[in-house]
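Chain naming follows the written order as A, B, C, D, E and F, and within any one chain the residues start at number 1.
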Amino acid sequence: MNKGIEQTLSMWRATAMEPSTFCGCVATEESSRFALFGAPFDGAASFRPGARFAPQEMRNNSWGLETYSPRLDRDLEEIYVADFGDLALSAASSEEALARVEATVALLFKHKKIPVMVGGDHSMTLGAIRAAVLVYPNLHVVHIDAHTDLRDEFYDNPLSHACVIRRAHELIGDHRIHSFGVRAGLREEFLFARDHIDFHPFSLKEVSILPDEIGNAPVYVTIDLDVLDPSVMPGTGTPEPDGASFADLMYALSIVGDLNVIGTDLMELSPPCDASGASTVTACKVLREWLLMIQ
Amino acid sequence: MNKGIEQTLSMWRATAMEPSTFCGCVATEESSRFALFGAPFDGAASFRPGARFAPQEMRNNSWGLETYSPRLDRDLEEIYVADFGDLALSAASSEEALARVEATVALLFKHKKIPVMVGGDHSMTLGAIRAAVLVYPNLHVVHIDAHTDLRDEFYDNPLSHACVIRRAHELIGDHRIHSFGVRAGLREEFLFARDHIDFHPFSLKEVSILPDEIGNAPVYVTIDLDVLDPSVMPGTGTPEPDGASFADLMYALSIVGDLNVIGTDLMELSPPCDASGASTVTACKVLREWLLMIQ
Amino acid sequence: MNKGIEQTLSMWRATAMEPSTFCGCVATEESSRFALFGAPFDGAASFRPGARFAPQEMRNNSWGLETYSPRLDRDLEEIYVADFGDLALSAASSEEALARVEATVALLFKHKKIPVMVGGDHSMTLGAIRAAVLVYPNLHVVHIDAHTDLRDEFYDNPLSHACVIRRAHELIGDHRIHSFGVRAGLREEFLFARDHIDFHPFSLKEVSILPDEIGNAPVYVTIDLDVLDPSVMPGTGTPEPDGASFADLMYALSIVGDLNVIGTDLMELSPPCDASGASTVTACKVLREWLLMIQ
Amino acid sequence: MNKGIEQTLSMWRATAMEPSTFCGCVATEESSRFALFGAPFDGAASFRPGARFAPQEMRNNSWGLETYSPRLDRDLEEIYVADFGDLALSAASSEEALARVEATVALLFKHKKIPVMVGGDHSMTLGAIRAAVLVYPNLHVVHIDAHTDLRDEFYDNPLSHACVIRRAHELIGDHRIHSFGVRAGLREEFLFARDHIDFHPFSLKEVSILPDEIGNAPVYVTIDLDVLDPSVMPGTGTPEPDGASFADLMYALSIVGDLNVIGTDLMELSPPCDASGASTVTACKVLREWLLMIQ
Amino acid sequence: MNKGIEQTLSMWRATAMEPSTFCGCVATEESSRFALFGAPFDGAASFRPGARFAPQEMRNNSWGLETYSPRLDRDLEEIYVADFGDLALSAASSEEALARVEATVALLFKHKKIPVMVGGDHSMTLGAIRAAVLVYPNLHVVHIDAHTDLRDEFYDNPLSHACVIRRAHELIGDHRIHSFGVRAGLREEFLFARDHIDFHPFSLKEVSILPDEIGNAPVYVTIDLDVLDPSVMPGTGTPEPDGASFADLMYALSIVGDLNVIGTDLMELSPPCDASGASTVTACKVLREWLLMIQ
Amino acid sequence: MNKGIEQTLSMWRATAMEPSTFCGCVATEESSRFALFGAPFDGAASFRPGARFAPQEMRNNSWGLETYSPRLDRDLEEIYVADFGDLALSAASSEEALARVEATVALLFKHKKIPVMVGGDHSMTLGAIRAAVLVYPNLHVVHIDAHTDLRDEFYDNPLSHACVIRRAHELIGDHRIHSFGVRAGLREEFLFARDHIDFHPFSLKEVSILPDEIGNAPVYVTIDLDVLDPSVMPGTGTPEPDGASFADLMYALSIVGDLNVIGTDLMELSPPCDASGASTVTACKVLREWLLMIQ
């Protein structure tokens, strides 16, 4: 009998090299609970661009990581994650890119999926929150980051990644954004934060108050990888010393993962700043552990 | 007598480290003939960003280059170039960035200067041409590049660096753009080029026809450094093999420099792609020689 | 009507990011004439490994390259190339890897395809020639390379990439291998070459004799990218100065492409040695032009 | 009087540049207690090769490190280490490379030396254990690593670095391998580990049980440097976040060093992944401290 | 009305790109309390040069850092720091470079400024101490470093960066130098240290004794950035594992900052060893925090 | 019979890894005609240091190069080159380093060797010429370089690498230095050159006049690798575009090699600027070919 090339070749082919997906993201569209997609846009980065390369670089390197988490004794292959590829954003304007992210997230909500966006720079989070707040009017946002991101504008640009939480605040109002780990910003941003958001700078430990504060309300969780110390995550556009350890972040996410997470993102890995490749691997492991932690 | 610190320190201070300017650009505002400025924008780069760092990196490295050209027996210090620093563009939208470039170039024309823009990605050239065509209705454009840049849009973005010559054509019409060195593009771009512009692909040799074609009409000269072969200029966002040698480019510029050049730019150096630093030095030398060639 | 996510997302999705293939390789299994596959093995590299990353890196970067060749006025999208992905070789032994390559090439011959292997180190070529010589007993090999690759063994390893042409000679005999561009090897290799193969060292120009020598006999063409000068192709494991220019190689391939090419490969790009990315782009352009040249 | 060149030159010559040895390894063959050699093989690395360059790069950089340890108040120059250079492995097959390592270690045992192998990828450890188990039938192995390395095969290769502890287990049986620090692997590897080896994942602290468990039995200690966190050791082929600190490793080795260590190795430094050079220095310091700790 | 170009352009110009100064160092000569200057000399580095590039690279990258410190709730813009640029040292001899540093620091003392030198290699500190001891005969030196720097000479060079504290000791005598964090040196250096200086190796914690020991005496504080662990600061010429964390250093500086600091320096950042850029950012943040801590 | 470890190990040991020498330099002190030594000093580099690493990096990488030259049909193993290792210069002052080079070269002349110095920065050449002019009062110098190196001082340093030919001129007088390939310098340097030396800027072709001009007089040949175009040799401290090709240099050296060469050097390779490693390989091949050309 004469089988086709594809069928025969599949015996020898590198499974990791097949249509490339983030490690273990093998669920079909229908069966999936989590819908991962890349948002390769870095046009709103103030300092060093490069985050546009993160989603593809994470896919390429994720096969150096097991799908199994010994800490959690769970496996990515068991939790129904589909990888829908990347949006076409790298050459778009900020507004157009945001519109595509918003439409994508809205579509995923319509199909009852949990969107998982992999950035790209942090500005793209606004698109996801725009979509989320329409579906979940009582939305909370958990914001894990080194920077306040509360500027009203940055060099005249209100859509800079340095303004994303300020824009989100305009959409969802006072005290519904919960920020942790912030250690950089203008003095006026820190003053604004203390008045208008639930602000826990410097450390991630105080996430422990979240279950009481938020209960079962819907939560969007945005993770800017620069919350990690530059020793752990040098490969980001705006590294900020004095940050969280990997274990600190794991602890925080284990608490946050028990909330009612309706969407999430992982932003600001910048492969051109990651000469050793270790930051990309770290981003992959954060994503794996985080997906396995969401109830 | 008690001189101040500044005055005393100036004996020991590294002149090259004083308020950093491109090598030999020491003319004052009033005395200058050429007005150099940086346009550190790379938000319209389709492939690899990084050109935003070019103007500052060129200033930092230009002191490894002499101001004197032995080939031409002329010296930058003798030709009245002022360095006005960089526009604030890196975090702007494409339209805002173009508006600032246009306003800057218009201002320089008003003060009778020859604007010399250092990119940044090639999309910024449109801002300069917008300003030039208002002052010089009979403007010609000499376009030296590896790519046609004649797409009508690129991933829905009409302001991509891949569209800049198409946009310029809309402003100045058929057969007034003269392209040399192009070796990459879509088939439809090549067809458009043959119908609508003065198109001389693959080589720079045919610049020899320019004096006859253009005469004394005003000319804006835009140089995309990727016209050079990647062996000579690897440090660019979209390197394209099979390009010009350094000597080829020098020959072409020596012809073009005898035209009535009313403005010019040098675009697409990308320092993050220039591991050895040699591309930055090459860009500096192209700029020095080019300024010394303009009559 | 309620379309699925995949269908709706396809409007916004980066086509270049879909199941990643080499640029323009969109033919189906059935319709394809050329069958491209990756052989990501570098276990036989004597000096600097890294060629295992070449096929995937070329796919990732090939979308910075147009599918259209202005030199040839042909387009990859018109010539029926299918990309079958990568074989699982990176962790295999040399013999096992060769066996998989041989089986793959044999399968492709059976289905009347022209195999196009992207290495990987040069040792993998032996697998392809083993398969080819069974189908085409009167096979000729055109060998374009900086190195003789005629060692009988290298540090006791007869399957080293430094031995591949010696092994090929054992299979197909005297004067059926035609080597061009070689400029490095032991004295005994050069002596062997002059006695046993059709040997044209230093330059590629003498490919012009091939049509007369070979006529319509079946030819396997193996291209070691280090034939190019290190200024053009620094990103290879064993760069050898004094090599061919890009134009030299294009000329040679344009002659060779008119022969009866029954299979081919492109070997020894090493992305870890390619800091600027220009070597990867150059490898992509060589492959595009070469495929478009084969009659 | 007319002294020879060598003798005269020795006054001015850089001692660090003389026949290059690992820092302070100046003992002669006869006087040495420790016999250091390099095993520059990375053909069994699953992900990123490069460990083949580690021994020579460590020698080159070790002179940036003092021979004296202030923590221990001991000096490498006082403990009789000879550096025998590198085996010729980089182009060998896995089996041939293992055979050479095995023969070398056997030879060193015969001459009453403690072999100290510097990798190279972790697969080479099997060669040393094969030799050790013949001389010491009651051998124990202390395994310090981020990965289980307990796969039965990896892409059909039973000699992959991901299988080395599984192969060792076949040689020395249940509960004689003591693993510490492991935080990555398949679920089935973790299940196997719990049944068949003395398994202490995640942390190095439990090495404190070793003196009671092992007593004075002969011990081979294999250290995969990726046990260290990627912040401390980014320069390794398969970095795995959430690892040990430098102090954690020093503590563990100080306990292990009091056992009856009959041989040891230090594997998986990968200089091409070490852009800053800090990982190479760290590997050198681990080796210096570890040698000074062995009783 | 017709304003000049400079005046008009200032609306659009990137303030961060104006005559480049370290972030927030905007005080005039007269108003300044701190006088920052660069000492770009690395001719006395024993191992890897590159520190000459540190001052300019820190200026270029400091605008990725806010001027506001949330930890301290103070802002660089409020504390009167002037940036006097760099001395011309990179091509000088050691003695000439030291003479220029000494003259500069003396000049600054004369004008009642606190000199803040940014290295350059650690050898330059001797110039500053030479000037300080003339003005403050009862000077103390706080020395924060990974290395003893107490060699009498290094390869016959008594002005090597490995000798700087030995030279300082000759100037100011026994028990007036207070060293913290040292973890590398020759045995004889450690013996010398215990006899002649106030020596607290391995950790920074014991700075707590300084207020009692020194009281209000004048103190020069020299910080060699390699006191930080290589995970935090890989970008230095001689990284030494087992070092201080960022928080450890902040704690130590917060104590030292309450002393009577009459001058200070920050040495040994080496940008060529800082592939990710994170070390440069870390150096900037250390400098910002340190300036804000000095009373 | 019981052979020692060294003897037995030699069967398996990597010959290339034995006491590392430049490829093929296996002659003993007595038998050697050429005496190669490294001068790892870069303290006089004006721009980017790093040349201190060149000799050792060339040794490490030279085994990727054959000892046999097919162009010349000669082999390094046949011409009696001894590698005497490196002088201890990296931490020395300029004067001390020059003194050591001078003493070394004088010693080699005394023993009737042809000294072959591998830099290091170009300033070291002065030490060799000081020694040569004492032995050969009628010495000529052939100077192949991109830069005039005729400054009287550079930032007050008369021993800068930018002054070396000016210093040499002071020793050997007018018209005895023959410069080729120079394309950068101050106008006053070019004027000085035309008056005082045999000056052939821009190209290497005019070396053809040397046999007539010099005849059989003793010649010291100094090669600054930056004479090569940056496309061929990016890895140098001060790359200068518009330079020689590899073939141009080979042609020039083939003429010069027929003169009475009594000593030579190869300077200014800078490995930290050589990300791909291709410049190091090119330097090795230049050295191999050059040694094989000297009669």
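By definition in this document, a residue touches a chain if its C-beta (ideal position, glycine included) is under 8 Å from a C-beta of that chain, and two chains touch if they have at least 3 such contacts.
All values reported here derive from a predicted model rather than from experimental measurement.
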Intersection of contact partners for chain A and chain C: B, D
Path length in steps (a step moves to a chain that is touched) from chain A to chain F: 2
Reference interface B-E: repeating pair among A-C, C-D or B-F with over half of contacts shared: A-C
Selected interface, D-F versus C-F, where C-beta contact pairs are more numerous: D-F
Most remote chain, CA-based centroid, reference being chain B: D
Separation of chain A from chain B, taking each centre as the mean of its C-alpha atoms, in whole Å: 38
Inter-centroid spacing, chain E versus chain C (mean Cα positions, whole Å): 54
Interface hub residues of chain F, defined as touching at least two other chains: 14, 46, 88, 90, 155, 229, 231, 275-276
Interchain contacts (touch definition) - all pairs: A-B, A-C, A-D, A-E, B-C, B-E, B-F, C-D, C-F, D-E, D-F, E-F
In the complex with chain B, residue positions of chain E that touch it: 4-6, 8-9, 12-20, 29, 35, 37-38, 40, 55-56, 60, 84-90, 100, 103-104, 107-108, 111, 113
Chain A - residues contacting chain B, complex: 42-46, 49-50, 52, 88, 90-96, 154-157, 159-160, 162, 272
Residues on chain A engaged by chain D in the complex (per definition of touch): 14, 64-66, 68, 70-71, 73, 75, 229, 231-232, 246-247, 250, 275-278, 281-282, 285-286
Contact set on chain D toward chain A in their complex: 46-48, 155, 182-187, 190, 201-202, 229-231, 234-235, 238-242, 273-276, 279
